[in-house]
Amino acid sequence: MSITTFAIVSIIKSIAVIFVLLTAVAYSVWLERKVSAHIQNRWGPTRVGPFGLLQPLADGVKFIFKEDLTQPYVYKTLYIASPIIAVVFAITAISVIPFGNSITIGSITTPFQITDLNIGLLVVLGITSMGVYGVALAGWSSNSKYSLLGGLRASAQMISYEVSLGLSLIPVLMLAGSFSLREIVNKQQHLHWNFFYFPFGTLAFFVYLISAYAETNRTPFDLPEAESELVAGYHTEYSAMKFAMFFMAEYANMVTVACLSTLLFFGGWLGPVFGPPIVQSLLPVLWFCLKVFFFMFLYVWVRWTLPRFRYDQLMAFGWKVLLPTAVANLVVTGLVVAWKPDIWLVK
Amino acid sequence: MTIPLSCYLILSGILFTCGVLGFLIKRNIITIFMSIELMLNGVNLSFVAFAAQWHALSGQIFVFFVMVVAAAEAAVGLAIIIAVYRTRETLNVDQVNLLKL
Amino acid sequence: MHLILFLFFGGICVAGAVNLLVQRHPINSALSLVVVMASLAGEYLLLGAEFVAAIQVIVYAGAIMVLFIFTIMLLNAGEEERSKGSRVAILLGIPGVAIGGVLVAWTLLRHSNTAWVPMFALPGDPRAIARLLFRDFLLPFEVTSVLILIAIMGAVVLASKPEAVAPPKAAEPTPREAPELVASGRER
Amino acid sequence: MTPNPYLWLIPVLPLAGAAINGVFGRGLPKKAITAIALGFCGAAFLLALKIALGFSPSEAPYSFELAPWIRAGSFQADFSFYLDQLSLVMLLVVTGVGFLIHIYSVGYMADDDGYYRFMSYLNLFMFFMLTLVLAKNYLLMFIGWEGVGLASYLLIGFWFTKDSAAAAGKKAFIVNRIGDFGFLIALFLIIKHFGSLDFTRVFAAVQPLQPEIAGTGLLTSIGLLLMVGAAGKSAQIPLYVWLPDAMEGPTPVSALIHAATMVTAGVYMVARSHVIFERAPGALTVVAVIGTLTALFAATIGIAQTDIKKVLAYSTVSQLGYMFMACGVAAFSSGIFHLMTHAFFKGLLFLAAGSVIHGVGGEQDMRKMGGLRTFMPWTFATMGIATLAIAGIPPLAGFWSKDEILGRAYNANPLYWLLGIVTAFITSFYMFRLMYMTFGGDYRGAPVGGTHGRDHHGHGHGHGSPHESPWVMLGPLVVLAILSVIGGFVGIGGGFEHFLAPVFQTAPGMELTGEASAEAANKGMEYLLMGVSATVAFAGWFFAYLLYTRRPELPARIASSLGGLYRAVANKYYVDELYASLFVKPLVEGSTAILWKGVDQGVIDATVNNAADEARHVSDNVRHMQSGNLRSYAGWVAAGGAVVIAYMVWMGVR
């Protein structure tokens, strides 16, 4: 494959992925509203389109046409830059996520992935860790008490839980022996999903899930934007498209987390495959999307089930419960991997 | 697709020099601290470059150690800065020139 | 190609470093430092040290610099004052730096054509690095972990309020994230 | 006999006692202290007895190595002990008399605050003395030598709050240092020439050497230096001055250390080194002359003393002179014999004197005593026996040993004998003078009680007249009195000498004149000499009786008629004053002018002060570097870094 073809294919893939991602983001908002409404015995959006399916579009239009307020006392450069930072890093993270095996169109065979790096997981981690800047800078540059507190809380929470998050991923890496997401998935063939390695795989999954919820500032860890105390946290002073960017960033992060959960613990795109070649290459994508959908649903489910933590509880939980658990789990996994008992490691 | 090693080293030197200069001319203690990090990064670059030139991975290992030290230093240093700020109410190093309060 | 990429990242790097010096607000300096680090990660990638690059982003840009920004936000650091502090720094230090830098650069340029580094020269495979780190450098590794532990304890003791160290409190939060600090930092 | 493997326990037991009492004594009840001190000391004595009973001359000498100590190249000095007839005698004397005096101390020191300290020191002394006696090499002997000096210092200055006691302690220590200096140089010479300090090896190396009859040489120098050490420790001319002052210590100390044991260490050392001395006739002559002169000299001083302990002190010096005289005429076994009997009767004399002092409430001036015979009959009886013994009245111990010495001295040189006989007469005179002044006549002192006497131990309960001492004190007196009576019989017919003969035997053909002629002396001569000494002793008694009972006014008249001579004697021939102006004053003034003002202030202090001033000047200028400003520090660092880089580049270019 020549460089030109490579570049063209890459560009096509990038555009497609971004398009799909943004759509997914939009419809996860719709999903959230719908699911929460049904949990609360309401209907949710119904007016725009069948089942309110066009609601995201309407929201988008509304965001675009709203007045974009920029308060006079803000630190302007960063005030403008921070939503962009947030959304850019949120979307970039998707670039190393594989959605399926590979597809062959004509003479070109290409994986369902913008790029496959052998340190893919680290890249995702790095990019998400950069996402903190958007939140923190937004809180600071708004020059408002609520924003600053929200920003401080958010950044503290994110760097705290990032430790547990990283540690919870290491058991997976130990089992797979690689940083490449594609390889991690391939190691989980035949339903040997990491989730099923009881107890450490399962434990790692739950630690990961909790940390990820905290990382994405979702309930029960949505302290940074706790509306009852901080109005809206770090994006209190934002409106219109800038606010929409934070919104998009948040949901894009959710999608990324859901993708990672799927890839790392639930076998990614693996599933029953049959039919003609084109179906064979598309079916995995379907399985992948279903699993991701489940996790998106789980987000909403959890949101409307669990109450919000108090801030000191959140910190204490992160440092005193989650981190020791993750470390202990790490040690156990290390021992098991070194010992290689056949009960667990059927591979 | 090769470039001389000295290019990397000069880049590293420039970063280091910028760090030293920052230490000399900056008044804000946090910025001064960042200058130190800049110097460390400059050194890290030369480590990696030498590792590449001599095909010795230990150069990269050193980078990790430097990072660990930098992290520890940042934690303690920033804690000190917070403590200093609490007692002096200033971050200007020119005003923090007495050990006595 | 290599040269172009090198110059590209290097240019960003130097621009960031210079910006760090020029900017008077610490948060701008911090952000330029983040830029420097990110572009340095690019340089590492060029040298093939992909693992180092990833760690550079995660640890330096993602953790250490966040800590810096966090501190800046916490202390609400404002613009730098142009105070006259030290003649020595100007009269001795800057010439010293200039002389040192020039000498080093001169030396490097004299030997500039001796070694050439190809692109992706030394693949910093995580596996190889791990092998080296946990076999040959096991003792230093453990020592640094002790160092980190000490640093954590030192940071906790230093940054916690004097009265917050002694009395027993339910669920004492780690100081740098402590909410009461946030509040007090803001009130000042 | 199986050479007792517990030999090393003998010195170590008192050390343990000293350690326990010294460390924990403050908090222990008095009975426990007593039990510990007596227990350990008594155990050592019993062990010594057991060894003595199992001793068989055929297997002696026996040596036992406890642990290696110094091993440098071929030089070797170990913690090793040595037991032969000589050390066995010393061992028995030291442990036996020491144990008795320990018992006596229990009564004598009962009311003292520093009781535990005293007992600890006594035990410590025992340890060092036994180390000295049992040592197998000169170095270990020197340890004991110095150690007894230390214990002596501690005990003389036991009542350190009293200036005179502290000064006396220092005096004893310093005068002993002079002697030790000579001893040390002798040791260095021995190491230099024989490469060892071990007795057997040194003596084996000395054995084949020819006697340095005509002229002097190595052995003479070693012998003379050893004699300097012995003179210091055993209070011989010219280093005797510390012993009378040492009477500042508690009386049991005077008895144990300054009469019975420590001061005889010099004699023991000379006897132990007899191999060297026998081959150095010059040194031997010096020993004999010093001994004879000391005996006479100290005895004359003793006449005029009024302090009961001072009289005994000068008597001790005099008797030690006898021992050296014996050694000087190569009659070592006679010296040791006299050492043993002297330990008995002089220890007894001191203890009895202590009992007297105790009874009259701390008074030591004999002019304030008198008539004590009725108040303290036991003390009188025992002290009387001791006086008979020391005066040389047959058949008590002193007679035999002194007579043997005099006989040997006569064989060597009649002049020694003459001076010895004169000394014996004087001895007899002043001892009976002491007896008459103390026990005869009527009581002249003030009623006893209330005031605490010089010896500090005044009794809480007041009573009007002198009283007898408790039995814990009288017991040792009686035992020693018995020994003083019968102690001399071991020497009849040369029994003691034969016992010690294996130690002092000399190589064939090496008999010295004294020794040889002693063998040849005919019986008649011997009996004649015996008769003379007995006569002289009785004469001394008679004179004392005459002067202090019959005609008590005579002494004063004689004293006034003698005028200057009497004053000189009463003032101990002004020796202390002579030493003070001859040695002490120049030393003090020299130290003040040259060492203190000149060297210390002018050179050492000046160097330090000037350096400090200079440092302050420099730092006054340099401190501006340390402004406290972080950035200026960074400036300095950067400049320094530039210098370093420049240097390295320059080196690289070159």
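Lettered A, B, C and D in written order, each chain numbered from 1.
Methods note: contacts are C-beta pairs under 8 Å (C-beta built on N, C-alpha and C of every residue); 3 or more make two chains touch, one makes a residue touch a chain.
All values reported here derive from a predicted model rather than from experimental measurement.
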Outermost chain relative to chain D, judged by CA means, is A
Averaging C-alpha coordinates per chain, one finds the centres of chain A and chain B separated by a number of Å equal to 33
Chain C to chain D, mean C-alpha position gap in Å, rounds to 80
For the pair chain A and chain D, the C-alpha centroid-to-centroid distance in angstrom is 98
Note: chain D sits from chain B at a C-alpha centroid distance in Å of 77
Listed in rising order, chain D residues that touch 2 or more other chains are 627, 629, 631, 634-635, 638, 641
For chain A, residue numbers touching 2 or more other chains are none
Where chain B touches two or more other chains simultaneously, the residues are 20, 24-25, 27, 93-94, 97
Listing every touching pair of chains gives A-C, B-C, B-D, C-D
Chain A partner, complex, touching residues on chain C are 27, 31, 34, 38, 50-51, 54-55, 57-58, 61-63, 66-67, 69-70, 72-74, 125-127, 171, 173-174, 176-179, 182-183, 186
Residue positions on chain D within touch of chain C in the complex are 625, 627, 629, 631-632, 634-643, 645-646, 649, 652
Within their complex, chain D touches chain B through residues 627-631, 634-635, 638, 641
Note: in the complex, chain B contacts chain C through residues 1-11, 13-15, 17-22, 24-28, 30-31, 33-35, 37-38, 41, 44-45, 48-49, 51-53, 55, 57-58, 60-61, 63-65, 67-76, 78-83, 85-86, 89, 91-95, 97
Interface with chain D, chain B side, in the complex: residues 20, 23-25, 27, 29, 32, 93-94, 96-99
